[in-house]
Amino acid sequence: MKKALTSALVAVCATALAACGSSGSSGSNGLSASGGSSASGGGTTIASKLVLGGSPEFKTRTDGIPGLERVYGVTFGSYKTLDAGGPLTINALKNGQIDAGDIFTTDPSIPANGFVVLQDPKNLYAAQNVLPLINKAKASPGVTSTLKAVSDKLDTNTLAQLDVHVITDKQDPAAVAEGWLAAEGLNKTGTAAQGVSVKIGSANFQESVLLAEIYAKALQAQGASVTTRLNIGSRETYVPGLKDGSIDLIPEYSGALLVYFDPKATAVSSADVYAALQKAVPAPLTVLGQSSAQDKDAIVVTKATADKYHLVTIADLANNG
Amino acid sequence: MPSPVSPHVSPGVAPRVLPPVAPLAQDSSPLGMFGYFNDHRDEVLNWLWYHTWLSAVPVVAGLLIALPLGWVARRYRWTYPPLVTAAGLLYTIPSIALFVAMPDILGTQILDPINVAVALTVYSVALLVRVVADGLGAVPDDVAQAATAMGLTRRQRLLKVELPLAVPVIAAGVRVAVVANVSLVAVAGTIGVPNLGQLFTTGFQLSVGSPYYPPITLGIVLCVLLALALDLLVVGGTWLATPWRRAVSGS
Amino acid sequence: MIQWLNDPGNWTASGGILDQLWSHLQYALFALVVATALALPVGLLIGHAGRGRWLVTVANAVRALPVVGLLILLYVMLAPHIHGRGDTVYLLPTEIVLILLAIPPILASTVAGVENVDPAVRDAAAGMGMRGGQVVRRVELPNALPLVFSGVRSATLQVIATATVAAYLGLGGLGRFVYDGQASQNFAERDAGALLVAMLAVAADLVLALAQRYTVSRGVSGRFSRRTLVGDPVATADAPPSTHTA
């Protein structure tokens, strides 16, 4: 009955809204197609026929739309402002509101929906290793070694698996964190972080919540007194929060954090990004040892779109279609 | 399918780690909220507690500020239009913008709960100044004259006659402010302030592909219950504060 | 912020201020028109018949629904059912929320407006041989108009301020600047967006005030000048009869 009700609602309101929705000035921002310097000369590129969706900041970020144009000569027909690899972007890609999305590579919805991750041969997207961003005052040797032990055990496959538990199976991030720490023997009680009180934050997506819980439980096991402030929002909100002492520690991604602090950064490999990041992070913050787990930005399309236009890499989008 | 740059797990690969995790209620329908509540009881009650405070305290603070302002607007008539207009202007500022701009205005920490509390107080004042002014003005002339004739000073008349008689009107405004606040507090949840709004963010994030209703419906139900409870509290308080109305309507 | 507003490029660009202003206005206007079309006739009927006042109570209870929660619930519910290009999947939840928000003040103030019509006036109309429908249209509606307007104006302020959240779901409107500015650390853009929303609300209120002046019969506005001072429609509607001094 609910379904019938829903579709009736849709039918009635969709008609009524048609006039309202047809105005071109909604979230989509027309990107002038003239800028599309097609790799194969004149004509219309594949990208110019497609709608890209992603976060508000992707529109202006160095490795966002400007990066796609600079590195690959790819200019999409239009850009739809949605969210940072969240439910809006994924649902829009699945249901055809957009043709391509900026989605993160560990997202379980990629394999679940058979989405195709376009390869990035020119390394537009830098390495994105998971690491703790922390207030120096809290980075005692005990805290540092506890978090290093966590980072050493975390790799990309593990992270993707844990994401499946949280996002697909709807398990509690705290319980998933605890389970993994137990499986890795990282929950043994100790005194390394005794006497330290840490306020741990997370960004507003589930993987960040999970990583924050992992840090929290590991530090708790080592005697730290931990409070959490989860789902704070985007980097633009929580980094100032770290600086002013609202929180002390948050899980981060090396490449994105580097570009945040230094928009002109060009480092690509894990080691280079990490080295550049250590220099770029301003006081009173610092980054601790990075894990091998990566969760990168990627341009993702549906299987149907990939097949239709023979898309394998981002560069293919600049071909004539 | 996995390309060199897509390090996600391919479906066929056996997971390296399968941590033992207590299974949660798998019901993703709206009614799954009961199971969800059981699994997250401490967290949700904590959010409910914060939500209650953030909904109630700014209204009380707002009323305390609006009472003198409303009195001024009534006592010195020329101040009524500018005061009420300014209050109306404040109410048109979108809440999300006020929440995120508050640290710049106050110089507070970015995640300080005081930011949201102050922003909500601003809205409460904006709503209540006019209500207080109009409530004080709604006292019938003959009553005011009778009070003067009985020898009450201006101050006595305000405290003993005008203010008590204005209580029902002011209370009606307070009810609106409290109920509106419950909804506004949830907006602050989307920027990380711990309250029931976090249930919406969580449910939203977990609704990829197919809807995951439990946290969303739980949040809505708890918000509505909280709004009703606070509303009843105001109604009850009004009832206690206006014994003369009971004497009349009870007969 | 002033600098951002002064840059003509920010106004005329695709997705610039003019575009988003127009979108914002469309979202708000659609919701207000639908809400008025629903709440005004129903409110007139309730006030006229003196029955069904529970509907006002129900509508007021709707105010207790958290806007973000409702928006997310509706989006999540509708998303799997709407396929293909276009903004319908974002517009539908937004408009439903805005309409639900606009109905209670309009309904409550319409009912209060009709109920406050002097019974003697109503009797006189009946005495002149008017039928029920005529009484509603020619006597009760004109007399209730000041309060109806105050309800519509209060709904307008709320809807314009709340339409900002449309951007949370990826729609346009002035909320775009608030969310984009925050996300890309362009705080001038963010604050300018908030200011534009407030200014749009004020402008809309002025237009409605003007409309009120030209549509309300002078006899009514003169007679009800005390009443229009009691501005908040909700306070008026919920206030006990003892405070009605008209």
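For clarity, chains are labelled A, B and C in written order, and residue numbers in each chain start from 1.
Criterion: a contact is a pair of C-beta atoms (placed from the backbone, for glycine too) under 8 Å apart; a residue touches a chain by one contact, two chains touch by 3 or more.
If you're wondering where the values come from, they're calculated on a predicted model, not measured in any experiment.
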item	value
Core chain by centroid distance, with centroids computed from Cα atoms only	B
Pair joined by the larger number of C-beta contacts - A-C, B-C	B-C
Furthest chain, CA centroid comparison against chain A	C
Inter-chain centre distance, chain A versus chain B - centres from mean C-alpha coordinates, in Å	33
Distance between the centres, which are taken as Cα means, of chain C and chain A, whole angstrom	38
For chain B paired with chain C, centre-to-centre distance based on mean C-alpha positions, whole Å	20
Two or more partner chains touched - positions in chain C	76-77, 79-80, 179, 182
Chain A: positions in contact with at least two other chains	87, 91, 237
Shared-contact residues (touching 2 or more other chains) in chain B	100, 190, 204, 207, 209, 212
Sites on chain C touched by chain A in the complex	14-15, 19-20, 22-23, 26-27, 30, 34, 76-92, 95-96, 167, 169-172, 176, 179-180, 182-185
Of chain A, residues touching chain B in the complex	86-87, 90-91, 94, 105-114, 116-120, 125, 156-158, 160-162, 164-165, 167, 169-172, 175-176, 179-180, 182-184, 201, 204-206, 229-233, 237-238, 240-241, 244-247, 294, 296, 298, 312
Complex interface listing, chain B residues touching chain C	84, 88-89, 91-98, 100-101, 104, 127, 130-131, 134-135, 137-138, 140, 165-166, 168-169, 172-173, 175-176, 179-180, 182-183, 186-187, 189-190, 196-197, 199-200, 203-204, 207, 209-213, 216-217, 219-220, 223-224, 227-228, 231, 245
Contact footprint of chain A on chain B as seen in their complex	1-11, 13, 15-24, 26, 28, 39-40, 100, 103, 109-112, 190-192, 194, 198, 201-202, 204-209, 212
Residues of chain C that touch chain B when the two form their complex	61, 63-70, 72-73, 75-77, 79-80, 157, 160-162, 164-165, 168, 175, 178-179, 182, 187, 190-191, 193-194, 197-198, 201-202, 205, 229-232, 234-235, 238-240, 242-243, 245
